[in-house]
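The following pair of complexes shares a single chain, chain A, combined with chain B in the former and chain C in the latter.
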Partner chain A sequence: MALDSPQSKKETTARQKWMSLLAGARKERLDTLFPRDRLPSFTYLRKPETGLVMLRGRQGGTGSPFNIGETTLTRCSIRLTNGTIGHAFVMGRSHEHAVSAAVCDALLQGPENAQLTEAVITPLARERAERERQMALKNAATKVDFFTMVRGDVD
Partner chain B sequence: MSTELLSGFTDHARSSAEAFRVMLDAMAQPGRILPLTPDFAAPAPLFASTAAICLTLCDYDTPLWLDDSLRETAVIDYLRFHTGARIENDRPQASFLLCTPATAAEALAQASIGNAEYPDASATLIIQVPDFSGDRLTLKGPGIKDERVFTTAGLGARFWALMDENHQLFPLGRDVYFAAPKEIAALPRSTQIKREGQA
Partner chain C sequence: MYVAVKGGEKAIDAAHRLLGEERRGNPEIPEITTTQIGEQLTLAVDRVMTEGSLYDRELAAVAIKQARGDLIEAIFLIRASRTTLPRYGYSTPIETSDMLIRRRISAAFKDMPGGQILGPTFDYTHRLLEFEASETPAAPVETGPADLDRTMPRVLDLIGAEGLIEAASSTSGEPGDLTREPLAFPADRDLRLQSLVRGDEGFLLALGYSTQRGYGRSHPFAGEIRYGEVSVSFTPEELGFEIEIGAIDITECEMINQFKGSAGVPPQFTRGYGLSFGQCERKAMSMALVDRALRVRELDEEQTAPAQDEEFVLSHADNVQATGFVEHLKLPHYVDFQAELELLRRLRREVQGLDQEAAE
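Then we have the complex of A and B:
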């Protein structure tokens, strides 16, 4: 984000990955992995607030973008006592989810990174990969193989 | 990592509505000085009162222009984060112009006056003044019974000449907010301004 001083490409992508996982996790699952009663103290930079965002998709052979529709989104920004800032944008209306994800984002930028990656991010990444594999399997079962029909009048 | 980023309104919905009410009253009663003391600290050199005006009025649809003395990284980051407004470099393109007494005349001269179909597309100036003492003015117009005496920071003869021109443009023209550290006042385009010592 423009708010932060430029980070290396690698760091940015790592942060994008964990922010995506935290946002994509189901709230109950995130609460199990990162219990809310053990959150460190923090102040709100922007309290959780819910709004609408337009979702975009791609379609056709050229992948031209189109608007699928709007969805509710909750965003939140917090600052830890050591000054680190964490952001979260999560789908849905759960303020608690947004707060947990923002705090987790802030902690992951600091010395707790290794411990939290192990405890929260790795399991979430594994679960997402598994979900995607299951989905791919389900989709594969409906796959239709098109083959070129040869017209009878050609010899 | 920027650690200086400060928070905005503690209770956004309620506090911004309260600030909006004060700003509305100020515009409705030109030249009346009203207290505006938001519950947060703004990054220097921005006053908390100025920040409250920006946080209440600006959003991603309203390009914001800042004069050089306010163009600090901390201020820009703060306004971008809390309002989502684009920071504009070109004065005529901006919806809100944030300036200080030294740059007010130039900003007023170049700010958008709107157009006949949309007089509301004009710009609003927010002038950050140290206090309300200096230029002594007599105001007349809507929202004022008979006359009102208004003193504000010294803004120079050119500024008041431009303000007079601005009034002549009605219904087009710009509106002006004055923000001191703890108080605000406003001069909409509809107010007739007479500077002390002038005929």
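Then we have the complex of A and C:
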């Protein structure tokens, strides 16, 4: 399959990265970076719809899988007028978020890639990293050193 | 037996309108919003998601508001809501080793790589009511001197390297799913864990406590408790490759328990595992105790205590099932009760008849 060639693997990796960032973005932030009133024309291959994904964990954290419980997921697939297909799979129930993410996914596969990467993907990646850094800094202040007291059974 | 009744629609409508008025409370007080519940009653939201078995903060907040803060009622609402949605598939197993840590402690090791991170916790608070808490703005949060390590080693791996603790289980095959197939006994650990995650916190707390007090003793140490964010990945059929669909907050508890040896295996510590959505730490700890207690069969231990009886534990852990059966007792049982009443009267008449015969 084409997916196995190194070239398409690289493309897959880039696409995985932007799809992750689009899915993980706060909807309000995505709307600012990629305004919904300026979406290009497209048709739905699958209108946005909400369903469930069963989340899996591992026994003992690293062992065999087990089912934890479900999460809501909204998916959407669109086709641009030039034929490019975009998909979105986004945790939660926001149809608007899934539509924006699917359109953005399609555009990123075409000539708009460089412009959209700069306008949408790079800021989302930077903000995610910054959010994680801030969280780590706050948590670092709660790092604790416990001293063990010597038990008092002395001579 | 419950026999269906008809009628009373008008009274039922009126009761529900009255419920709505009670839920709203004094109309001069601003109405609470589900956003406020989601932001400020986070641990209630976490519990409803965990036991409702559905990770969706917004839905859980709506359920809590609608249920007037009755969390079991809210869990019931979430369980009912999930049945209306189609299932798209299963996620890739989350990797808690890659967790973006917000809290991580060990009661077994003082100094471990990555350190003890208290994070947002009630531990070490004085449990004094703070009446001014709601009026004054909170003091700004401090930041630490340097970034925390992005990932932290698992504490149990520190002794695992020496072979002093059993390996985390690795069985092959698809894990069972009790939302597809009803639970049957004996149940394997995958199904037991799924059942315990959605099990009632209070019930598991009491059972875990019972194991500490000697009913199925297993000498636990909290090897590691970690809380933080993990990303969720899913492989949609139409893409054929894995993508991240978002992130969830998770609490994980790994208990280190009494060692065990056999002819073939030298003595080693055993494991109990607990997991919850959000920061349900008490739940994750209780679950880890009960998970360990329920491993009597695979560890070839003697079953002596309620917490070790999987049929007893798993059949009674689900608070939606439990509340359904307990609360159905208040629905009309008139026909049933009349039959019992009639039976009792007849028995008494017969006994009195016999007494009279004896007297004559």
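Throughout what follows, the second predicted complex is superposed on the first by the 118 of 155 C-alpha atoms of A that agree within 3 Å, B and C clash if a C-alpha of one lies under 4 Å from a C-alpha of the other, contacts with A are read in each partner's own complex, and residues count from 1 in each chain.
One rule holds in what follows: contacts are C-beta pairs under 8 Å (C-beta built on N, C-alpha and C of every residue); 3 or more make two chains touch, one makes a residue touch a chain.
Since the structure is predicted, the reported quantities are computational estimates derived from the model, not experimental observations.
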Touched partner set for A:47, first chain B, second chain C, both or neither: first
Touching partner for A:123 - first (chain B), second (chain C), both, neither: neither
Touching partner for A:109 - first (chain B), second (chain C), both, neither: first
Chain B versus chain C, judged by how many residues of chain A each one touches: C
Which of chain B and chain C A:79 touches, first, second, both or neither: first
First, second, both or neither for A:57, with chain B first and chain C second: second
Chain A positions touched by chain B in one structure and by chain C in the second: 3, 49, 77
In the complex with chain B, residue positions of chain A that touch it: 2-5, 43-47, 49, 77, 79, 83-85, 109
Chain A contact footprint on chain C (complex, rising order): 49-50, 52-56, 58-59, 82, 85-97, 100-103, 110, 115-119, 141-148, 150, 154, 156, 167-172, 175-179, 189-191, 193-194, 197-198, 231-232, 234, 236, 238-248, 250, 252, 254, 271, 273, 275, 277
For the chain A and chain C complex, residues of the former touching the latter: 3, 12, 16, 19-20, 23-24, 49-73, 75, 77, 87, 89-93, 132-146, 148
For the chain B and chain A complex, residues of the former touching the latter: 1-3, 5-8, 12, 77, 80-82
